[in-house]
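Dropping the structure in here first, questions after.
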Amino acid sequence: AEEVEVLHWWTSGGEAAALNVLKENLQKEGVSWKDMPVAGGAGSAAMTALRARVTAGDPPTAVQLLGFDLRDWSQMGVAANLDELAAKEGWDKVIPPALQEFSKYDGHWVAAPVNIHSTNWLWLNKAALDKAGGKVPTNIDELFALLDKFKAEGIVPLAHGGVPWQDGTLWEAVVLSVGGPDFYKKAVLEADPAALSGDTMKKVFDDMSKLRTYFDPNFSGREWNLSTALVIEGKAGAQEMGDWSKGEWLRAKKEPGKDFVCIRFPGTQGSVLFNADQFMMFDVGKKSADAQMKMASAVENPAFQIAFNKVKGSVPARTDIPDTDFDDCAKKGMKDLSEASSKGTLMGSLAHGYAQPAAIKEAMLDVITQHLNGQLTTDAALKRLPEAVAAAK
Amino acid sequence: MSAAPETISAGSARFTRFFIYGALIILAIVYLLPLYVMLSTSLKSLDEIRGGDMLALPTDPSIAAWMKAWGEACIGVSCVGIKGYFWNSIKMVVPAVVISTLLGALNGYVLTKWRFPGHKLVFGMMLFACFIPFQAVLIPMARLLGLMGLSNSTTGLVMVHVVYGLGFTTLFFRNYYEAFPDELVKAAMIDGAGFFKIFWRILLPSSGPIIVVTVIYQFTNIWNDFLFGVSFSSGEASPMTVALNNLVSSSTGVKEYNVDMAAAVFAALPTLFVYVVAGRYFVRGLMAGAVKG
Amino acid sequence: MPVIAAERPRKSFADRLRSGLPKLVLAPSFAVILIFVYGFILWTITLSFTTSRILPVYKWGGFDAYFRLWSQPNWYVAMQNLAIFGVLYIALCTAIGLFIAILMDQRIRAEGVLRPIFLYPMALSFVVTGTAWKWFLNPGLGLEHTMRNLGWESFTFDWLVNPKMAIYTVVIAGVWQASGFIMAMFLAGLRGIDGEIIKAAQIDGASTVSIYRRIIIPLLRPVFLSAFIVLAHMAIKSYDLVIALTGGGPGNATELPSTFMYSYTFNRNQMNVGSASAVMMLMGITAIIVPYLYSELREKKQ
Amino acid sequence: MSFLEIRNIRKKIGSVEILKGIDISLEKGGFLVLVGPSGCGKSTLLNAIAGLLPPSSGDIVIDGQVVTDLHPSKRDIAMVFQSYALYPNMTVEENIAFALEMRGVDKAGRAKAVAQVAKTLQIEHLLKRRPSQLSGGQRQRVAMGRALVRQPRVFLFDEPLSNLDAKLRVEVRAEIKALHQNTHATIVYVTHDQIEAMTLATKIVVLKEGIVQQVGTPAEIYNRPANLFVADFMGSPAMNMLKGRVVAGGIQLFGAGGQGVTVKIPPSVTTSIPEGSQVVLGLRPEAISDQGSADAAAAASAHIDAQVMIVEPTGSDTFVTGKLDGTTFTGRARAETVVEPGQTFRFVFNLDKAVVFDPESGSRID
Amino acid sequence: MSFLEIRNIRKKIGSVEILKGIDISLEKGGFLVLVGPSGCGKSTLLNAIAGLLPPSSGDIVIDGQVVTDLHPSKRDIAMVFQSYALYPNMTVEENIAFALEMRGVDKAGRAKAVAQVAKTLQIEHLLKRRPSQLSGGQRQRVAMGRALVRQPRVFLFDEPLSNLDAKLRVEVRAEIKALHQNTHATIVYVTHDQIEAMTLATKIVVLKEGIVQQVGTPAEIYNRPANLFVADFMGSPAMNMLKGRVVAGGIQLFGAGGQGVTVKIPPSVTTSIPEGSQVVLGLRPEAISDQGSADAAAAASAHIDAQVMIVEPTGSDTFVTGKLDGTTFTGRARAETVVEPGQTFRFVFNLDKAVVFDPESGSRID
């Protein structure tokens, strides 16, 4: 029988249910699913396992990968070629070009994108917001004002989990908010040293320091979903987090607009920082190639895209899918996405590997997280940031 | 021996005993706290965990979380609990422990009773192997396993554990056999026993204490290994620790702490059992030679 | 003393086989070690001089990886942390292990119950106990929370989230895990001391404290050495501990060389830098272990 | 007045009674040797005296002071262990000075005392070494030094020579003897070597299964053993035990085959034993000799021809074992005696030295 | 024809030569005892004979067959170790049967052989026990049983009695002697106890630092030691070594203080030594006696009065150490001798038994 072996880190109950849809679809086509889940550290353990398998000359069929990692792996010549399938199914037309840059290597399709997440969201507890006046902030100063009100309410103003990727997610939103899309491109996507150490960046870091004062004392090392839970329970007022945190709200039986409010991070309206899960197909030889194609096709199947993304909180990777089945936040997300895609303000998220290769990404996160934790002053961070980028190149 | 003389003057002695027992009991409580937290959490409901005190006793103990961890929790796309992985670990641990212990015993035997020029260098080099950080060997190991066709197989995993356990097992047995009288080997030689006969009939039957130490040491290390497990096995063939990690480290959805803790306790049961049952022999075995390092 | 020393020639094939048998038996193990340890070390050294990033590539990169390594502030943090962690971990485990062992050696009634209590942490992986520790040390959930609930409002124990103190929480958990094992080693050492020497000291008028200080503890020297080696190698290899407890944070305040190496090799796609750090670690280990091995194997000769 | 008194000491370990009521007293300057087979409780008794193992009942009195409940360090005794129990981590000097240090003697005082002891024992050149660098005999001397330096009221020695080889044992034995004669120390000494016991003791106590069998001077123990056990235990080769029957005019020996030899009742037996009683006649090997070396001054002697079984020349003497009527006995002949197993040899029994025992109770009959 | 021949065996370990060319031969049924101080190479030589340690050069010949390169198991020898080396994990029965099992003897055959040996050694009741449940003497017997059962061509014993206590040692020694006399086995036996050597051997080899000092019968070794080393090593208490000078009519002893005593040249010295030569006169303690026990038949004897230094009664004898003109010597007097240190005592020197050595070379002068 045909078989696909899938390496991923979607191990929670909801994710597993979503993946099961894919698994069952494939089984209907006679392809059995060999699961290879490796949770932990946002896929870092999975990457280790992947290296071992590739080095051994025995890669899994499909691997959940993000951003620049796709390129790095493709560069090693281990990718399968999906061009034929993509041409047949017309992927070029339905998948946003900004994403295609990563799904293709050297002009050839190597991966099937599953979804598109966006990271510059702010999630607010409706009750807390109402108590604070009910007006959603539209720029960062309004945000500070709102957070002050939350503080006065006696709740944690901003729920944040202190691990590098979360610090990075917050930081990139602040960069976008403070500097706008062009500055984001310059500073983050191009890692321009001047932009990374200039006055705008100084304001970014100052704002980060200010935001830090709105955290609770236990934030360090906390997982993102625990922070979300604080907001859900009303112990905290707001959380800056990617759209996956919506899944937590929905699972807690909360309704958008009624129990919680999803807005773009103040000051980043009109831009979307994205992050997409993709299944990269590895070259596993003739034997499984057929099954591999079936899987890629199944991933791009609109029904699966809808089913999966509803659970995950993200939006489909295809832009041709109607938003009828989705909730309000997702509808907004899909609208924002297509607008940003056409305006050219759909930009990769740094924290999730869509803005810089891993080495540079991690180097930048080092500085960001050290600064946020008070190990570096703002001036030192401004000096360190370009240095770190240069050293990691 | 014991340093304490049998009581001679009663007054201050009673105070001393009081102090000793007091200190031991306090220390024991401190050492037990994490285990207590795990156990009591696994018996609580999620609401109680969120709302209550970590150190409080469960108000309404329930083994639902245990049942779930064993048979229903999701490890990836299939939600059948961790029970299957338990067997994976056993299938990996038992051969790895047996082989590495046996090889260690043979090596120790050769290095003490059949010495050859350079035996110290050989031993030193084997000992040094204990200190290599495992992260550094993952990639070349993967390549070699691939070349041998053992990638992603239990056999391969067993081999890896045997290889990196050899240093310790050899060390333990060498130190033990070092103190084993040469005369016995000589006598057996004169009696007409050959190399293997001497080992099987004379040395091995007298190696009880050190076998206990070696087996305990190897068993816990291999059982608890995560790095090799996650790198050299996959999916449903993974050992327990990998499954446990998938369970507790998944980063979306409600964190079911009680299930996580129950699974963690399950994962720890065999090693706990080994230490509790064999603890006495462990100290005795250490006395018998392993302590000399 | 060798049972069979070098042999003289003129003998039959069977005899030669017999005399070669021991070496033949040792050979596979030794070969395996040669390949899987020393071969891999060589390979790692090689890799550190290449331009490898995501996977090994064998393109000469000179000392670039080392320059990069030594220009990483993270690396200095990791080394400094290893120094703090290593010293405290070894010292505390030894001190606490010895202390408990001495208590346990006082003809304790419940020894059979207490022994496994002190030993069991060694049996558990940090994949298992990490969460419990994280809670316990977390100011909002653990000890601080409990103490405040109990009415001690000013009690503060926030080391886990304080970048300056976080490394000490790693020490605490590490000591909890390993000190029982060290206790067992010391207990075995204590039990091995000749009872007549203790009696002699009693007659000589030494108090119990003096007996321990002047006689027993000096006699445990070999155990101290063994304990040091065991602890040193565990300190250097410590990885799970940090990952489970702090993930290297807050910031990178608890980074250790082992987490550094792992993250550069597997997460940051800078395999050459990761290899260079592995080489530095191996050099550190060599500097500690080889003199020890040398003296240890030397000593036995006399 | 006795200096060391052991009053009805009993010691139970678990349910086993190891010492069953021991009473011993020793005068100041005396040298008491405890002998007895392995496991008879010698070390246990010594440990009780030292305070290392408190007795279950009874008292230990030193110089009039009851010390039973005193800590070992307060009893002012010193002990030399069979294994020497030198502190391996200290030099010889430190080993010797340790007890003084523990008693708060200052550095200069310690140095002086150590120097003096080292001189007495001729170990000055060893002071800086560690025990592992010493030979057996040297270790033994250091162990003695450690005891000597304190000038304690009582010395306890637990088989101090048993780890030494034959030649060294003889030398060190002489040294201990000299030491005792020079220092007039009060010593309790455990051994199971009879020669040591004989040559060193002023008083010997023979123990068996925790019960005192006999207390006496070496000569008393050797020449007038209280019972068969003591007679057999002391002396090497062991005393010959010949079954006999009291007849008119003496004791008839070797009666099994019908012939028998009648010897005179030895002068040591003063009370008359009823005729017809079964007795055991004990005669030490040196009281059975060849004709050439027979003691001419012996009042009662018997010439007995017997077949030779074993001839054991030791160089200085030749032990000849003969057999008569199913009974074997060993005599000590001159070294130059030439005799082969199987030959008939004339043994001369010196009955002056014989002792007679009651075969039932095993006690000596006087 | 000799049965066991050791031809010019040398053994180097590292750069140290432990055996420096040993030549020994032993006839069938002979009992060869190797003696010498600790570390002289006795065990090394025994190991070489057993094949456990191949010699660097030289050959071992058993019954005409060169076995130098044969594996230990093929030499048909048995060895009893000082530590007995009983297999701790096997019962006594299994211990004894092990060698047979290794040689492929079937179960019934083994059982029979074990039963017979057990009977000989009277250990039938111990067969099911493990070595840890045996006493020292019992272990020793099992070790012998293990050797006996194979009926090998040669037995090797490495200090088999040194772990036993004094009393047991004497008993087991006699057993070994009897065993040898009954089985006529060929035995090589290592000891450093001189009494053992004297009583057991048909031939003694004295080793020192890997060199053979003397080969001879016990009597030869004892009475006519080849050199000062042998003379001093064999015998306890050691031979008295008195410095002297040859003068007209004899040897002048005790000349230090000016007086001196001139004694006859002993009959063993047949060659004339030039007058004025320095010599050492060796006289064993038993050749120096009290007047009462002096050998009346002695051809040459001297009465010498000296001050008594030490008196050591052993029960069977009393050793008296005297001092004259700065020289001390020990004599053996009768047990009943009464003398106190400090008194003057008349010693009788039996010069028939004296030997004379050259002080320079240490060799005996005949």
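Here the chain labels run A, B, C, D and E in written order, and each chain numbers its own residues starting at 1.
To be clear about the criterion, a residue touches a chain if its C-beta (ideal position, glycine included) is under 8 Å from a C-beta of that chain, and two chains touch if they have at least 3 such contacts.
Source: prediction; values computed, not measured.
Enquirer: By mean C-alpha coordinates, which chain is most distant from chain D?
Expert: If we average the C-alpha coordinates per chain, A ends up farthest from chain D.
Enquirer: Find the two chains joined by the most C-beta pairs in contact, please.
Expert: B-C
Enquirer: Quick check: how many Å separate the C-alpha centres of chain C and chain E?
Expert: Those two chain centres are 56 Å apart.
Enquirer: What is the distance, in whole Å, between the centres of chain A and chain E, each centre taken as the mean of its C-alpha atoms?
Expert: 92
Enquirer: So, what's the distance in Å between the C-alpha centres of chain E and chain D?
Expert: 25
Enquirer: Which positions in chain B touch two or more other chains at once?
Expert: In chain B, residues 5, 138-139, 141, 186, 189, 227, 245 touch at least two other chains, as defined above.
Enquirer: Which residues of chain E are in contact with two or more other chains?
Expert: Where chain E meets two or more other chains at a single residue, that happens at 52, 71.
Enquirer: So which stretches of chain C touch two or more other chains?
Expert: Those would be 3-5, 18, 55-56, 141, 194, 202, 262, 266.
Enquirer: For chain B, which residues are in contact with chain A within the complex?
Expert: 74-79, 138-139, 141-143, 145-147, 151-152, 227, 230-232, 234-236, 242, 245-247, 249-255
Enquirer: Can you list the chain E residues touching chain D in their complex?
Expert: Those residues of chain E that touch chain D are 37-38, 135, 162, 165-167, 170, 174, 177-178, 181, 192-195, 198-199, 218-219, 222-223, 233-238, 284-286, 292-293, 295, 297, 310, 312-317, 332, 334-335, 341.
Enquirer: Taking the complex as given, what residues does chain D use to touch chain C?
Expert: 47, 50-52, 71-74, 77-79, 81-83, 85-90, 98-99, 102-103, 146, 150
Enquirer: Mind listing the chain A positions that touch chain C in their complex?
Expert: Listed in rising order, the residues of chain A that touch chain C are 41, 44, 47-48, 51, 54-55, 69, 72-73, 75-76, 162-164, 216-221, 357-359, 362-363, 366, 369-370, 372-375, 384, 391-392.
Enquirer: Could you pull out which chain C residues touch chain A in their complex?
Expert: Against chain A, chain C makes touches at 53-56, 68, 71-74, 134, 138-141, 158, 160-161, 163, 166, 243, 246-247, 249-253, 262-263, 266-270.
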